[in-house]
Amino acid sequence: MKKLIKGLREFKANYVSTHQELFEQLSQGQKPRVLFVTCSDSRVDPNLITQADLGELFVIRNAGNIIPPFGATKGGEGATIEYAVQALGIRQIIVCGHSHCGAMKGLMKLHSLRDEMPLVHDWLKYAEATRLLVKEHYTQYKGEELLEILTAENVLTQIENLRTYPVIRSKLYQGQLKIYAWIYNIEKGEVLAFDPETHAYVLPQSQLKSDDTDERRLKEEFLNGNN
Amino acid sequence: MKKLIKGLREFKANYVSTHQELFEQLSQGQKPRVLFVTCSDSRVDPNLITQADLGELFVIRNAGNIIPPFGATKGGEGATIEYAVQALGIRQIIVCGHSHCGAMKGLMKLHSLRDEMPLVHDWLKYAEATRLLVKEHYTQYKGEELLEILTAENVLTQIENLRTYPVIRSKLYQGQLKIYAWIYNIEKGEVLAFDPETHAYVLPQSQLKSDDTDERRLKEEFLNGNN
Amino acid sequence: MKKLIKGLREFKANYVSTHQELFEQLSQGQKPRVLFVTCSDSRVDPNLITQADLGELFVIRNAGNIIPPFGATKGGEGATIEYAVQALGIRQIIVCGHSHCGAMKGLMKLHSLRDEMPLVHDWLKYAEATRLLVKEHYTQYKGEELLEILTAENVLTQIENLRTYPVIRSKLYQGQLKIYAWIYNIEKGEVLAFDPETHAYVLPQSQLKSDDTDERRLKEEFLNGNN
Amino acid sequence: MKKLIKGLREFKANYVSTHQELFEQLSQGQKPRVLFVTCSDSRVDPNLITQADLGELFVIRNAGNIIPPFGATKGGEGATIEYAVQALGIRQIIVCGHSHCGAMKGLMKLHSLRDEMPLVHDWLKYAEATRLLVKEHYTQYKGEELLEILTAENVLTQIENLRTYPVIRSKLYQGQLKIYAWIYNIEKGEVLAFDPETHAYVLPQSQLKSDDTDERRLKEEFLNGNN
Amino acid sequence: MKKLIKGLREFKANYVSTHQELFEQLSQGQKPRVLFVTCSDSRVDPNLITQADLGELFVIRNAGNIIPPFGATKGGEGATIEYAVQALGIRQIIVCGHSHCGAMKGLMKLHSLRDEMPLVHDWLKYAEATRLLVKEHYTQYKGEELLEILTAENVLTQIENLRTYPVIRSKLYQGQLKIYAWIYNIEKGEVLAFDPETHAYVLPQSQLKSDDTDERRLKEEFLNGNN
Amino acid sequence: MKKLIKGLREFKANYVSTHQELFEQLSQGQKPRVLFVTCSDSRVDPNLITQADLGELFVIRNAGNIIPPFGATKGGEGATIEYAVQALGIRQIIVCGHSHCGAMKGLMKLHSLRDEMPLVHDWLKYAEATRLLVKEHYTQYKGEELLEILTAENVLTQIENLRTYPVIRSKLYQGQLKIYAWIYNIEKGEVLAFDPETHAYVLPQSQLKSDDTDERRLKEEFLNGNN
């Protein structure tokens, strides 16, 4: 605690005093462009890794960057999503998993959590689609490799869940909202982004390009098949 | 009741006696190929309109052919879907709305239901995405026309919800499962099927063709946009 | 799918074209007389077995023809019941189980479902009264015979649950609503109906007669004892 | 508080000292014969009005002597009922309403409670069947008289709810459990008991007699009609 | 039952007839000063042990004198608390556990209850804080002694839960409401009360004194530490 | 998005490359000392304001820094708290509100949110104790001033809720866990911390001191009174 309280003083002395205009402006209200959903993990700092300024990222953080489907809980995720889209007018959402995620490790040994950490056990129910998918389609993988696959697929599962929220479905309609799937690699300090065209995680430059070709995309993927 | 009980006798006397082999076979177990989700409406009879035999369609029926997202209720929809896919090995799901649907009419005057039919009111929460989408994007429509749009979009909303079930997400992966969106027109006795390529409801012949071209479909539709 | 799509065409070509008047009339609205609650099983077709016309049966179907007690879920069963009674004015309800029911088989080996099919496991909670009753009172039975008893008792359990819905309790008062318990035998194509006088399932003719003697029935069964 | 603490001393000095044998015996365990469900109202004291000794009545008390249907809440009512029947072997249950009940008054002006006392409002949902029944069948009544009818019918509603619990349904089967409906009149200090034969509340003497004739009761009341 | 019905008669003949004025007054309305929350146990009789008159104690009783946190269930506890504080203006609450409590014994062997008494198992979730606290801090205790500790700590756990209700938190603010923790010893017929100053259960005389010194109490206990 | 993706590159080029050792070490696992619960607001950046390094803060963020009571939702808050305390061994928790909070503004006009943002409306139920307390005790305040009080009291409400979690209650016992209430002032870039001794928000230096005197604190605050 002493270190944090010292940090508060330093922040005020060094940062605040040199960014007076920014703080003046922030006191008028927030106009974030992006909703950033990520894990509570202490090694993930959304503002640092994107070098975003104060006021740019509206942030949801919980264990495993999980978004329960609409109606499934009365937790903070749904309310915060609704607030972001409806009250703040946010039109870009990033769901960002990360390597070495403790929640994803928990998903690999779900049964042992039932008694040990019952709330975590129940919470991982909303990643059950990830667990089942990986169990049925990646039987040949283990350990670290399996964890990576689980983490990558889970971001996509959570985006499926996200799509069931009324405000999301309505804004996705006619392309008013964009959703991005990211994985942050803790040891490299690097982000990979999911590329729907190749169905693979790639460096986010390609993400930028693909934004430009949105109009030409075909619309047939919905009912039968991969995501 | 008298008419129905008379019907039971006729069924046994005329139908059962002339289909002995079928009944023999059905007593061995069921092997339905299709899960058919439709409204409770008395004017919709899945077996009749598809001319399916006994044993071909596994059927879920409720007011509005609604499928709450995974985890949202403890109702029969999720359990029945899980049973269909996991226990029966079903790999084709039809979600079928219909014209003149009372549940969709209810969705158009949701507030008035709060006191009058509270359970219906709460149930329509799982069609809230439909209501909001139509409210935000079809402001120029009214009456019958609006009801048609609502009904058509609602089938797609319910398919979004359906996709959050673990068994569904896992089987959709690599295209092991197909989901079809249908609308049954009560006065014409005719079905239109949603065509993901043109994003329109069309005669189901095109549906057959599009099945053949599944392999060539592009996979980019997922994150940013229309369905 | 091809067979079903062909079926749609046949239906239109043969059935619709020869029943023009019926379809004309159905487009005016539905006036079903009966709410028919039955299993999703592909071998049960309510309209076929009762030889009912389009427009006669309002239908709920889920795995195990289960009706959770009022307030227990936010699923479709309660809302559809409320709509049937309140909006459509239906005053006759049939709850129809069937032989060889997969859900009832699941109830016999409930524990094994917990991990394998968790949603089915949780859903069968609303048939727990059936399971306990049969376990405590039919210890000498096994296999097929036990399954038959379970199926028969479960229809009565579900009717107990049904009685807790406000619209049901209010209409049962002063005999404005009637509830019938049926079992459909898949191999014989035959229905047996529960007879409250003899507390046994019998051919539904007796059901008809007992309707006529309703007025003379004594009202003492409620608090202490069998059903 | 001072009065109560003085009461504790008096109780020990006067009652405990003169009932040593009873307290010795109670420390061995409880063997209550009756589960008594009644309102939290300060004017209702189950032990006093039945002159029951310590150790005779297992008691549930909440606002309105309400028993939510099985599965509807995770509150204490269901667990306590299960414990009473399963762990203590209780086979007699009294559900006891009372005149001038504040909860029943609340039910008469339900809407005004939504903001003022939201938890009470939501709790009264489990008496909604009572409210609807009385609204539909007793339109000519008002004020005190309506309150009396509401109170009397509500006890029966709660017994309907009680019947959905697995342990209750199983013990009711073959008459192993008896349920009694009572109304306690606060100003007269008098109890009336529901008589299923005449469908009226009567002095509980008749209750004693009707117990003797249980075997001769007909079993036809269940499906079609009054309770 | 015969004994109870005889008791009703005795009550009317002896008690009511000699307390006419009291009954007259009670029919005007209730003005209880205290909400008494205790176990359903047949050996605990709140009015008897405090020698309270009819009209003095508003009573909640369930297995284990448990109060789920605000929002955790839709059971009767929260509604009854809200009614007591908001409608009746009660400003003193006693939560009273007792020795030899069956619910607390259940908490000591929680796992064995999962199948045997599932509702009791789930209900004890709201005493999980008690179980964990005792498991982590009282490893050296067993049997009777452990049960005593569990019982004593559980009353404090339930008071923590009680503090989350809006009406409670608002009235606690500025000391408008007082909460007392009691343990009733069944074999001695004696109550001990929790003394926050010494963090021990003591004879309730000290409770009286501590009331007088309320104003001088320091307000620092909240965030960091023991209760 | 382009700005953020550019940020990712800068972060890797400038920050990661100059902190190789830190990243090496973080890939071994996280050992955060503090759980930091704060609002999703884009103007609040926990790591920046405390000048904490990567790996130091485990973070929960949602609209309004709300923590539903134990058992009240199946959302991420409880699971993440459990994981922090049980799996990571965290023993210090900061709940940090902030000035100009949109969620707190919503709490001031709760009714208007019911239709407009139903999920936010329902989520604010867990701040209802704050709303009621302020409504009943701060009638003379309005606008900005009222918002400040609401925000300050809400952090304390959420700490009450936090205390109901089993892992929290168990670790609070014997002072193994500390909870801090902070308010971040957006325009000043300054934090005030709640001081339980004076029951006021003060500069966090006093917080440091009060930590040293923990042992001497009296333990009487729990049952009767202020927090």
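By written order: A, B, C, D, E and F. Residues from 1 in each chain.
Simple rule for what comes next: contacts are C-beta pairs under 8 Å (C-beta built on N, C-alpha and C of every residue); 3 or more make two chains touch, one makes a residue touch a chain.
Keep in mind that this is a model prediction, so the values were computed, not measured.
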Could you work out how many touching-chain steps separate chain E from chain F at minimum?
1
Copies chain D and chain E touch; is their interface built from the same residue numbers (over half shared) or different ones?
same
Inter-chain centre distance, chain A versus chain E - centres from mean C-alpha coordinates, in Å
44
Centroid of chain C to centroid of chain D, CA atoms only: how many Å?
32
Would you give the residues of chain E that are in contact with at least 2 other chains, written as numbers and ranges?
68, 71-74, 125, 178, 180, 211
Okay, in this complex, where on chain F does chain E touch?
68-73, 125-126, 128-129, 131-133, 136-137, 156-157, 159-161, 163-170, 172-175, 178-181, 194, 196-199, 210-211, 214, 217-227
Seen from chain B, its contact residues with chain C in the complex are 1-8, 10-12, 15-16, 23-24, 26-27, 29-30, 32, 34, 40-43, 45, 47-52, 54-64, 66, 68, 72-84, 86-88, 92, 94, 99-100, 102-103, 106, 116-120, 122-125, 178, 180, 186-191, 204-205, 207-208, 211
